[in-house]
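Chain naming follows the written order as A, B, C and D, and within any one chain the residues start at number 1.
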Amino acid sequence: MTKSPANPIPTPSVPAPDILRCAYAELVVTDLAASRKFYVDVLGLHVSYEDDTQIYLRSFEEFIHHNLVLTLGPVAALKAMAFRVRSNEEVDAAEAYYKELGCRTERRKEGFVRGIGDALRVEDPLGFPYEFFFETTHVERLHMRYDLYSAGELVRLDHFNQVTPDVPRGRAYLEDLGFRVTEDIQDEEGTTYAAWMQRKGTVHDTALTGGDGPRLHHVAFSTHEKHNIIQICDKMGALRISDRIERGPGRHGVSNAFYLYILDPDDHRIEIYTQDYYTGDPDNPVITWDVHDNQRRDWWGNPVVPSWYTEASKVLDLDGNVREVLKRTDSSEMAVTVGADGFSYTRAPGDAMTGDPGEEIGFKMGNQV
Amino acid sequence: MTKSPANPIPTPSVPAPDILRCAYAELVVTDLAASRKFYVDVLGLHVSYEDDTQIYLRSFEEFIHHNLVLTLGPVAALKAMAFRVRSNEEVDAAEAYYKELGCRTERRKEGFVRGIGDALRVEDPLGFPYEFFFETTHVERLHMRYDLYSAGELVRLDHFNQVTPDVPRGRAYLEDLGFRVTEDIQDEEGTTYAAWMQRKGTVHDTALTGGDGPRLHHVAFSTHEKHNIIQICDKMGALRISDRIERGPGRHGVSNAFYLYILDPDDHRIEIYTQDYYTGDPDNPVITWDVHDNQRRDWWGNPVVPSWYTEASKVLDLDGNVREVLKRTDSSEMAVTVGADGFSYTRAPGDAMTGDPGEEIGFKMGNQV
Amino acid sequence: MTKSPANPIPTPSVPAPDILRCAYAELVVTDLAASRKFYVDVLGLHVSYEDDTQIYLRSFEEFIHHNLVLTLGPVAALKAMAFRVRSNEEVDAAEAYYKELGCRTERRKEGFVRGIGDALRVEDPLGFPYEFFFETTHVERLHMRYDLYSAGELVRLDHFNQVTPDVPRGRAYLEDLGFRVTEDIQDEEGTTYAAWMQRKGTVHDTALTGGDGPRLHHVAFSTHEKHNIIQICDKMGALRISDRIERGPGRHGVSNAFYLYILDPDDHRIEIYTQDYYTGDPDNPVITWDVHDNQRRDWWGNPVVPSWYTEASKVLDLDGNVREVLKRTDSSEMAVTVGADGFSYTRAPGDAMTGDPGEEIGFKMGNQV
Amino acid sequence: MTKSPANPIPTPSVPAPDILRCAYAELVVTDLAASRKFYVDVLGLHVSYEDDTQIYLRSFEEFIHHNLVLTLGPVAALKAMAFRVRSNEEVDAAEAYYKELGCRTERRKEGFVRGIGDALRVEDPLGFPYEFFFETTHVERLHMRYDLYSAGELVRLDHFNQVTPDVPRGRAYLEDLGFRVTEDIQDEEGTTYAAWMQRKGTVHDTALTGGDGPRLHHVAFSTHEKHNIIQICDKMGALRISDRIERGPGRHGVSNAFYLYILDPDDHRIEIYTQDYYTGDPDNPVITWDVHDNQRRDWWGNPVVPSWYTEASKVLDLDGNVREVLKRTDSSEMAVTVGADGFSYTRAPGDAMTGDPGEEIGFKMGNQV
């Protein structure tokens, strides 16, 4: 049973904007050349535009101007996470919605970045710099340009993942905003450790991970097949940057996707992700995972490295200042699961599959270095 | 520079037998039903014959009677590791060869197990129960029976891996026996931690891993593609036996193969392996890895779990008694690499790839739980 | 420029129902045992329910009761093609919509088949038996049941494809109904040969193929990866039913998906399909292919077999009688493209890629047996 | 029952050379720039050396200097097909062997091409320009250079395929030379249409295809996985050279490999090939296919285009003159199988798999355009 939030964010009287999907992230990076090596030379994202201060990148199948903007700046951080809405009228709706919430908003008819027109940026109730837009420059969709197809090709932007101290509070706010929860992680007391929410009919367009926030946990791109992700690992090995592979590859429990987490030169976390499932029906069953289920984060029971729980990117306010980070007060997922806490399990006792007696439950983490 | 062994095994005056390839292993298991679940229901190996005390299994592309014999017994152990030779005359050659070495040998014209004819078993100088045979019952090669092809199909037996205290000593013995080294792991003093040796033109038919021995480290089967190995992990997750996934999946540095290590109900270790390279030319370049190279065991720098270094299967002598295990005296690979010893590296200092200053060398293991 | 239809279907004054996606097809088959062999033993679809007269099947990731109903009957035909709508109110909307169109409709609160509740069936203006429903029994979503995952696993229902004489007329009707065109095939005079239309954000939920109709061209299921489709071919080869592989595998030009067409025991055509692209944005660019482009139907220029153009399944009216088929009056795609008509092309003249002079345009079809 | 050749080639009294594997082909091309586009830009082979008259190429996993030499010349042809032997002494053995056969031979201590030392070239009894060598310059083995790994990467040279009028005669000659037959195609009278022969433990290092000869049918490179071959098709589609895809992709009956045939700018045929099986045991079972088996050439029953049977590359003698082509006198495979001859079959009558009555045997070819 999900606990309702202590100090809920009010539900506005005006309708929420009709959000299509997560569309692009603007990341501040401190060394544009190093970032270009990582995103263009290593990951093979396609350049829509670049100059001395910015690089605009898109995935193989994208037709809007970009999925990622790298902006040179003094402090590595998330400057904006942008959602595309159905029309300009929905940008108006977003503006009215956040004004009623008492959030600071900024509207620019000419857009905040190249290739995007009329757009709204807000400091949302969780402290994240959300953008809403419809207008965009169409660029060549490269989806049949197999002459440009790399062995580890990134074909779509899949989702964002945000770190926030109070997940139920953030979840209720995003449900008001029109997102639908597909999966979450809870414990027996109903403490929610993370929640996944979607608009475009996949497992998520964004997710909330419980922790000190507001911070950006990662931005995720998808590939066509699993071997494409393996190639990215192999290539990073060949380039002797395997230490930038933070976690994986593996199979998620939550989302059922095949995944990999890597770190860019500024430690912005990028997930490579493939093959989750369709969630577009209104009665799509929500899957709740037990935080003590050893396969929830990795279906194969491989351990989550602590950095994945503790590290994340700072976020900026509309003035470009780093937002203060608030501590999570609920118990942390890492504290209740990692290491020899004895509370995680792989299966119920007595399972005969391995011929084990069963009273000792299989559990890999304690075996890890 | 490889150190020559302290007390070398003498080179016989008679020619070594002409070995074709690793052919099958006979494993003693303590619960035949549990083992059948693992090898037949989970891994999908094909039954050539079974009764109340034995199960004979083969891989998808095999035409000899079996690649694995599971024999019910009181203590889990390796009873025999069998190599196929070019003819019965080569079995004679093997007999003469080991008699000159002063090893205990046993010759059975009717074979030691079903489906195998005239065969020799020996207690070899390293204490392993080697078998040599040519005669075998041909069975249906299932290589085009795609109606029987499972998503994680094991198509060939690829190799054995043996644990022995003195790797250079064992290596020289196996080179005399006709094996060719393809890769090894050494340190700057020339201590050898492991060596890979082949007959059939792949990276190995058997390998020597430095440690307390004689013990069997693992038996390896190969798949066609990488996704087949991922499916085995996914299936073990679905069966809630993910704790039987010991290590991987990953990309080996040594051999360049994609790999997975899993444990059977008796803790016999099975590797699933795919896509190494051709080594059949006499001047095939030997690759020597620095034991401190953080990518030697996993090209992506993922850590090796300690159990992989310390645990292995007992081996039996020709009377069926468990062989005594001798301690390794050289430094162990685990001791010099695992954890925060600070002696392992991912790349040379100053690499600009990630924009790191470089004086701090990327190294993932210390980050692991 | 698309020609507007001669005798258009009027646009109702009431709103169109909010369609979520294509949901299931009901096919009449003449030998239930033979059909079960094909759909369950060969293709591995999962049985939700079966008795002596019907088999209900679903794909690996589905949570509604079924994607395919096989109903025993005297004449092989399509009995219904069903779309899921957002709520029961949308079933009401569909009823009002088709009543205004003067179509025969039938509403059943208890549903027409098991696992489906309140539903509407209509004889639509093109003569197809459409069903609209929301209520359904939820079944176990098997998406993580990798213990049941076959090497050629079908994971989702992807789309339908309908044969109709006047494509522009049908296209306008379906656009009124809320479908959005993603791609089409036209010639220089604007004759439309086929059109693809979507609701769920993929390339299509249904498509119109120009030809004698109303007839069902095929029902398509998707796989995770391309190798899954190759396995289905390999398995059909092993079962010696390769003559039931009608066309492919190949890469579509239209949709960019990897595809295969096979025939069930009643010659109902099934497509296996994977990896098209996201189309959910309202300004998703429509791709129009030249009917003379030799890569439009197969990106590799492999020929389309004539049966693929000429053969299709009959459809039934609400009384279960076979609908009369009307002839196509526009020129047929087969006539203008297949064989040595000299009007198809692979590339523009003068392309230096192959070192060809270029005045003779590469064209494979004439070379075929 | 294989017919013995009419006028057999005598078996020399001296031992045959110990051949390791097929090593490289030297092809004369008429436009070096166009050939470079094809082999380097499209196929991604790696350049070991190039100048204005030659390009030396190798596959991803190769360590000898090259697998393919493109030599500029007036007439497109095969200049040499080279096999690597175990040592220089084996080059001597080859020289003695062919001298006894009365063949014209030429020995060059410095080699015939760059990167190769002491070598013998011969005009062999079938009229082919064979080369035998051991000495070669070792180059960087790129097998872990995943930073250079393309989506359609060619990782090894797999085999040659030669067209000769009298297959049994050529087969007996190659068996004397030490090749072992793995598979062949015959009819009920014992006419042999083709034979596959190996040295390195795969299905073949070279094959004989019945037809007017001596001509080179193709040179084959292998990939790691099937999707790599699909990418080559997709890329050729994107480059609008799909008409250079002659046949496939498909699954071979013979060899069980996944295949593709493409044509270079001079119409030299290249096969891309992956996943055949191990054949290194002396008692490896030979598979004989019925020429009327509709799945022998393509396991899925897809038709062979006539050009694949009729077209092949000319071969040169040691003076660089084009060899005269002798007509095949036995019936041709194309004549007895292609089109509506009614003599080919997919399965035995009465097969219930599809619910067919069975007296009409499934057969796809007649349906093709």
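By definition in this document, a contact is a pair of C-beta atoms (placed from the backbone, for glycine too) under 8 Å apart; a residue touches a chain by one contact, two chains touch by 3 or more.
Model, not experiment: these values are computed from the prediction.
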item: Pair joined by more contacting C-beta pairs (B-C or A-B); value: A-B
item: Candidate from C-D, A-D or A-C with the same interface as B-D, over half of contact pairs in common; value: A-C
item: Inter-chain centre distance, subunit B versus subunit C - centres from mean C-alpha coordinates, in Å; value: 50
item: Subunit A and subunit C: spacing of chain centres that average the CA atoms, whole Å; value: 34
item: Intercentroid distance (Cα basis), subunit B paired with subunit A, Å; value: 40
item: Multi-chain contact sites of subunit A, meaning residues that touch two or more partners; value: 144, 225-227, 234, 237, 239, 253, 299
item: Contacting residues of subunit A [partner subunit B, same complex]; value: 31, 33-35, 37-38, 42, 225-227, 230, 233-234, 236-237, 239-245, 249, 251, 253, 258, 265, 294-295, 299-307, 338-339, 346-348, 351-356, 362-365, 367-369
item: Residue ranges of subunit B in contact with subunit C within the complex; value: 144-147, 149-151, 153, 225, 227, 231, 234-235, 237-239
item: Residue numbers on subunit D that touch subunit B, as the complex places them; value: 20-21, 61, 63-64, 84, 86-87, 138, 141, 143-144, 155-156, 200-201, 224-226, 253, 256, 275, 277-278, 280-285, 299
